[in-house]
């Protein structure tokens, strides 16, 4: 029996959540139970989600591997495939290929403090590892989440943000860009790097996981360096244009590193070795 | 290891062709159209072109077609039905007339398609191909197989390598694999005993023009060089070089819908095209041609050797011949070797 | 050629232009484009009957334009392309100087694009005898035979877009084939998709193509796709009396004139 690498699993859209303008979350269940039983993944991995007849798009798996029976993805309506996905309804069948890529080495972080920093639509790639950590809460010391978006409307996972805020074992700081606040906004106001500097989390025994638009990342790394974080203790995920997802189509490489195989999870130390091609 | 060497009389080639056809083999051989030579199904021996240094296109589409269906889907009342491409009924193919540089190039393609994940669509196709390599008696100024670890009589990748012994001569046939032996068993009379035949003296002369290991080491520090801009100023960003190349395997995946059903295809793509790495957001990591030209050279001569342990180039020279603006890869590599960092 | 080289050196030394685009000896027996930015490189400039590449393809190339004002060695087809490009606002007297080479291989420098146009208008665009013969043969075929001819010729095309890259008129930053919402022309190479690509391109070139054969010369498989554009030229002659690139615009396919023939409306 030939194993066709390009064959997606058939997935049924169980639930659609409207997160923010243009941003939706799909909860997907495997149409074939046998596929569900065989399937496993780790936080950090991604997949190729397809609308048959339109094409495929690359998103991370946004739900943690600790929750069985379904996977979730969150995407923003941007191009051909995400527009088609946006037009799907609960009950529709789409395709999913994966899991691909490397993982957050969450086992190596046992006993450490975790600092999650995310901006805008980049919370989804982190959500899987945040929930993974929270589902194994005892393995870690302090958990801090700093999350910002342009405006209040643009914050994703609004219900989960409320959950995290109420939890006593999580420190959550949310912020919006200056001018993005609503009259009843009680969180911080300021760009994410500024807020990180303000909160000044300790770098001692702490792993930082950062994900966001390029401009946010560019200004956050120096703040972390000032706080004493080493390049090996900062993790991020990269994205790049992909087609196959498993290192053959030749598209996603940054120098000799393939984002789909050697990534998408990289430490800052690894990122600094990469040529300026992403 | 002792290679099984046979002598095949000049007239026996046509007889071999006929026997293979009688045994239901599909024979792909060089044929000419509009003055360019490509591999096509050969209906008769007389249609096969023999006097050429190199064909215009490679024969890679025998295992990696330029457009290939990978699945079919159809939406119906019950939901969605999706079927993977059916490779059960592929014909057995004889690839007749590939040069040693192309035959060895199969190794590169196989390395890419089996890197960690095994692409069975490619492997299945390749398993039905028997490769008849034909050594080079002539070369031209575009050839540089010897600079990348090959040579005009290289046996790598062929199932049988034929070497013509002089102008109008008979052929030395080296039977290199089981597939090759199978062919011999179909027509044992045509494969006579070969006495001590030295094929070397019938092979083309291909002088070594650069040191590929030196280049690989240099390229490690070459990423930021201004040379890329100088070299690529006349490059127009088409895909000709990638598509005629025997080892270029970059591809695109496209869906083609026809009403409620359709298919997903894999098709050739080229890193030289401006939209190859374009993100939907509009960001393009390789915005200008010099970055894309750099990618081509680095991928073949630096990344592939390091990650896949194979050289991404066999020195066939097709890219240089096909390029509308004379981006001669040999010239560019020599110039990289000569530049002081 | 000596005059051209001398003038090219002067233009660079006086910073009148930042780059001179010309031809140089390539590898094997080819010639290729040369970009002279330093006066001493001008010695590599040459010209002979092998120099048929249409250099006007470079005056819209970002990396070349960015250097500043350009000078270009232009044979008659290149001059025509330049006038057409100027009428489409892609070049003007501020960013381009034309160093002409007449059909008799004499160097002639033009002061401005109006002078180039005057020169170009002395000659009509004529299809050469060999291709005219081929077009006549096609014309005499039945539609079914003609369809078979084109399917045979265009199916081997592997969509490398060398034809598009070499054509000076194909300067769109985002070509029709690069759109995926909707996907006007399929991406993969197959019978129908190839036909769609070549026909679409010929239609986009109608009234703009100046018959330089750059597309055919660039094709790695020597597909006679220039027959499509030549046929459009013939049709333009028949229905609209032919055309010349013209600085004042008034393109064939985008201008309506009250006396246009409408005999296609039956």
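So that you can tell them apart, the chains are marked A, B and C in the order they are listed, and the count of residues begins at 1 in each.
As a convention for this text, contacts are C-beta pairs under 8 Å (C-beta built on N, C-alpha and C of every residue); 3 or more make two chains touch, one makes a residue touch a chain.
Fair warning: this is a prediction, and the values are worked out from it, not measured in the lab.
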item	value
Comparison of A-C and B-C by number of C-beta pairs in contact, larger one	B-C
Farthest chain (mean CA position) relative to subunit A	C
Whole-Å gap between the CA centroids of subunit A and subunit B	40
Rounded Å distance, subunit A centre to subunit C centre (Cα mean)	48
Between subunit B and subunit C, centroid-to-centroid distance (C-alpha), Å	32
Sequence positions of subunit A contacting 2 or more other chains	55, 79-80
Subunit B residues counted as touching two or more neighbouring chains	252, 254, 256
Per-residue multi-chain contacts in subunit C, two or more chains	183
Footprint of subunit A on subunit B - complex, ascending	70-71, 73, 75, 79-80, 82, 84-85, 87, 112-113, 115-121, 124, 223-224, 249-257, 262, 264, 266, 269, 271, 276-281, 285-286, 291, 295, 298-299, 302-303, 306-307
Touching residues on subunit C, where the partner in the complex is subunit A	180-181, 183
Touching residues (chain side subunit B, partner subunit C) in the complex	33-36, 38, 56-57, 66-67, 140-142, 229, 232-234, 236-240, 242-244, 252, 254, 256, 265, 267-268, 270, 273, 275, 288-290, 320, 322, 324-326, 328, 330-331
Sites on subunit C touched by subunit B in the complex	26-28, 30-33, 35, 53, 57-58, 61-64, 153, 156, 158-162, 164-166, 178, 183, 186-190, 214, 217-218, 220-224
Residues of subunit A defined as touching subunit B within the complex	2-8, 10, 31, 50, 52-56, 78-80, 82, 93, 95, 240-241, 243-244, 246-251, 253-256, 261, 275, 277-278
